[in-house]
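Before any comments, here is the structure.
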Amino acid sequence: MKKIINEPSNFVRESIQGLVVSHPDIYSFAEDNENVITRATKASNKVGIVTGGGSGHLPVFTGYIGEGMLDACAIGSVFASPSVNQIASAIRNGDNGNGVLCIMGNYGGDVMNFEMACEIVAEEGIKTKKLIIADDIASASYEDRLKRRGIAGMIYIFKIAGSLAESGKSIDEVFDLTSLANENIRTLGVALSPCILPEAGKPTFEITEDEIEIGMGIHGEPGIKREKLRKADPLVDDLCVRLLKDIKLQPEEKVSIMINSLGSTPLEELYIISKRVNENLSKLKIKIIKSHVGRYATSMEMAGMSITILKLTEDLEKNLLSNSKCPFWTN
Amino acid sequence: MFNKDEMIKIFDELLIQSKKYYDDFNEADGKIGDGDLGITIQNGFQEIVNNKDNFTDDLGYNFMLCSQAFVKKSGSSFGTIVAFCLMNISKILKGKKFLKHEDIIEIFEICLKTIKERGKTNLGDKTILDTLDLILNEIKETKNEIKYSQIFKTSTKEALEKFKGKKILIGRARMFEDKTKDFDDPGMFALSKLVESF
Amino acid sequence: MKKIINEPSNFVRESIQGLVVSHPDIYSFAEDNENVITRATKASNKVGIVTGGGSGHLPVFTGYIGEGMLDACAIGSVFASPSVNQIASAIRNGDNGNGVLCIMGNYGGDVMNFEMACEIVAEEGIKTKKLIIADDIASASYEDRLKRRGIAGMIYIFKIAGSLAESGKSIDEVFDLTSLANENIRTLGVALSPCILPEAGKPTFEITEDEIEIGMGIHGEPGIKREKLRKADPLVDDLCVRLLKDIKLQPEEKVSIMINSLGSTPLEELYIISKRVNENLSKLKIKIIKSHVGRYATSMEMAGMSITILKLTEDLEKNLLSNSKCPFWTN
Amino acid sequence: MFNKDEMIKIFDELLIQSKKYYDDFNEADGKIGDGDLGITIQNGFQEIVNNKDNFTDDLGYNFMLCSQAFVKKSGSSFGTIVAFCLMNISKILKGKKFLKHEDIIEIFEICLKTIKERGKTNLGDKTILDTLDLILNEIKETKNEIKYSQIFKTSTKEALEKFKGKKILIGRARMFEDKTKDFDDPGMFALSKLVESF
């Protein structure tokens, strides 16, 4: 296991401490819970935006705290949900008196724990709404799309919810437009190699040297099919066809795309992929307003990538392009 | 008689079983999910056993400690559900020093209720709910002297058999409905192995 | 070879096309040379900042074009110098009539080609100055420091030179303060795994599952020593001792640090490293003004990382923190 | 007699040799550098051979094509130096259709000059400059009928011998002075293998 770490059991704690100490102007530990990170400077008045989830996906989740993005985040162990207590603390810390929008990926533990945490803080008078991200088209059919997993598309949700909240919108307004964004996002990815959980010390799954799995989840959950490694263009074309079938875009529609590395797949390859996605969308006269290429939602050192398409409305575009201050987002 | 000492013995056993089947649980989960069920179960029981010195005669208190252990060390769905169940069990057992037949029935009833509520699960979804339901029915129906451990063993296996060829409709597996026909639900599978040594 | 690419011979071309098409507001192809990238909007009047070097290190080199950063860049094949013609074209494109500062890593081909290109454009009336980056303390002793390789420290040079140029300084002023920055930078890294050159199709070097090489270069050149993988803290302590011995900091001095992944080493590990660097410097009462943690200078999917320390003066700090617009730099 | 056809034959040979020793060159370079010398040399010669149909009777023109080939396909130090040399050779051979003894001497002289100037190299630094210098001396000193190919073979080997145990003072290897005593300079080593088939 070739990792630069100390005790595996301290992996999460130390990496978060490093995050905070490296960017003290952005992040801060919550006073009441050591697994909760908040903004260094608390916002005032605006709707709070709170998330939480397992570790091992940096910059997801904690990294996206910052002005114009999230207010607080509850941090679980590697690939595991934070607890009800942690989430409740994150909500309390994220609240600025105007209610809190809770954003979570569609994973059993996370959804259950957020639900319970929201019930607890409700008794303390904090109004919450919950948004469950479900962008991964590999994980359920179009008809069953509410069952889908949440993956890289969640960054768009963080950004748009964060921007809306910053602009002074009410919790219902934030919820409604962010929900629209959620319905307008589709992601599909491919995994080439596993990662190694620090505590387990062995790969999350096995895959041979010439195989890839289309639609594999960021924790190594099964995808749509396993096949031989192909060249970039036919692979991207295949993913694009599936994405476009699901999202049903019209010519002249505007989108933003995100080409996301799961970890070790380098920028050079992401740009080869981005080029092809661009060509495919251009052929259909779809307008890419903004491309995001990089490591946005990872599984530590897993190899692979995902393609996300966000269909834009005028409102969504404005909020996507608005200013924010976060080390992992360039405006 | 189920009291503090018996409780400790049982969790010691469960930890042993969870270590023995660590890889099998992970593998069963990996076929349709993220492959962490072995980790989830072992971490939870390990943390309980680590805290057994804090157990008191009050079983309700002990179950609260157990719930906290799962909350702390076992964040996947299974661990979350078990933690919710343990917490609700602790509420109904508050102050009790040993369990009677009715208590055991109530424990299973509260578990079923908790899972349905928290997990949004229905009977027939092919999850641990179905296993627990079968156990509860068996316990209720038994007229002669009850051998709980025997019931646990047969019912957990029976549940697996009953759902062979059926789709899993909840948990991570829900996303791969058709594929899941060919696999046991990992949680149900785990229950059948965990009770082996009872 | 598990890469998402098309023909290996098109690797560089396609990845650069992807870069430009993904960020059309930042990058543009030069009109006279297909291996030269310029700003999308040409600057006016300011001193031009130009670089060039091998591919396979994204965001280095091309990625750092942008307002407040570079004006143009010449792109070589993977790990190989761009040609004299390409560099000359980059200089011409980067020139805004006030001379051009050429920044290059200390590699034979690059240095020779830049020198010749500067001679060529001199005949056309373009004034140039050359700055050779030599920050890697593993590659030569303190006495021989001019011989050192240039690695991640170059990003600080790009940023500071870019900021100075943008603020209207003359080429001599830009050169002088950037040279000071160059003398104030030290980097030391460690490699854990090789990467694979697309055309060669096999690893750049061999290293066993439990070994690391301290000071290995970003192309797999030998380092100081090969040893068993250690825990993060003792490893970082070792690197810090070597860095601090070389840079000779005093208490209360201000620095910026960069914790750079060579590719697949994930953010979680970088932050564990950053935490420890922070602790080491704090103990000596050295003030970290700004930490940069991420993938700044890579070798595709190589595993490993480098630690860079930049000793700040008031001027350097101001220019480090100034605004710039580039997808790979957050201010 | 060295003319266009002979030139093509020689580059065909060099390409064959560079393929044969591809791994050895990379490996020799990898010991003290980035391990790309085999790639650098093969890419350069391959591109020259790919362009041989464009060769004319004017050797100067042909050497210009050769230089461009190295510029295009071979960006490491060795390739860069070779490209500079080929360009300067092309200048002195402009219009010439075959080479005389004096031309060959001039070629080596211009190469030495180019490398010193562009590479900031001194004799004794243990680089290809030292090999070329030895060849030139040998050519100049030979009084009887000259066998160039023989001189190339012996002098390239002799150069390697002469520098065993000495430090490499230039190129990537310069950073590892002491370590480099134990290794041949990869460029010098490559020259000794490339001329083998002459």
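The letters A, B, C and D name the chains in turn, as written, and every chain counts its residues from 1.
Following the convention adopted for this analysis, a residue touches a chain if its C-beta (ideal position, glycine included) is under 8 Å from a C-beta of that chain, and two chains touch if they have at least 3 such contacts.
Given the structure is predicted, the values throughout are model-derived calculations rather than measurements.
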Quiz item: Which chains, if any, touch chain A and chain B both?
Solution: none
Quiz item: Approximately how many whole Å separate the CA-defined centres of chain A and chain D?
Solution: 55
Quiz item: Hey, how far is the Cα centre of chain B from the one of chain D, in Å?
Solution: 75
Quiz item: Which integer distance in Å separates the CA centroid of chain C from that of chain D?
Solution: 31
Practice problem: List, in ascending order, every residue of chain D touching at least 2 other chains. | Solution: none
Quiz item: Hey, what residues on chain C touch two or more of the other chains?
Solution: none
Quiz item: Every pair of chains that touch: which are they?
Solution: A-B, A-C, C-D
Quiz prompt | Contact set on chain C toward chain D in their complex | solution = 54, 76-77, 79-85, 107-109, 112-113, 115-116, 139-140, 144, 147-149, 197, 199-200, 204-205, 217, 219-222
Practice problem: Going by the contact rule at the top, pick out the chain A residues touching chain C in the complex. | Solution: 2-7, 11-12, 14-19, 21-23, 55-56, 58-59, 63, 190, 192-193, 209-210, 212, 229, 231-233, 235, 259, 263-276, 278, 291, 293-295, 298, 300-301, 303, 305, 326-330
Practice problem: Could you pull out which chain B residues touch chain A in their complex? | Solution: 30-36, 39-40, 71-77, 79-81, 83-84, 118-119, 171-172, 174-176, 179
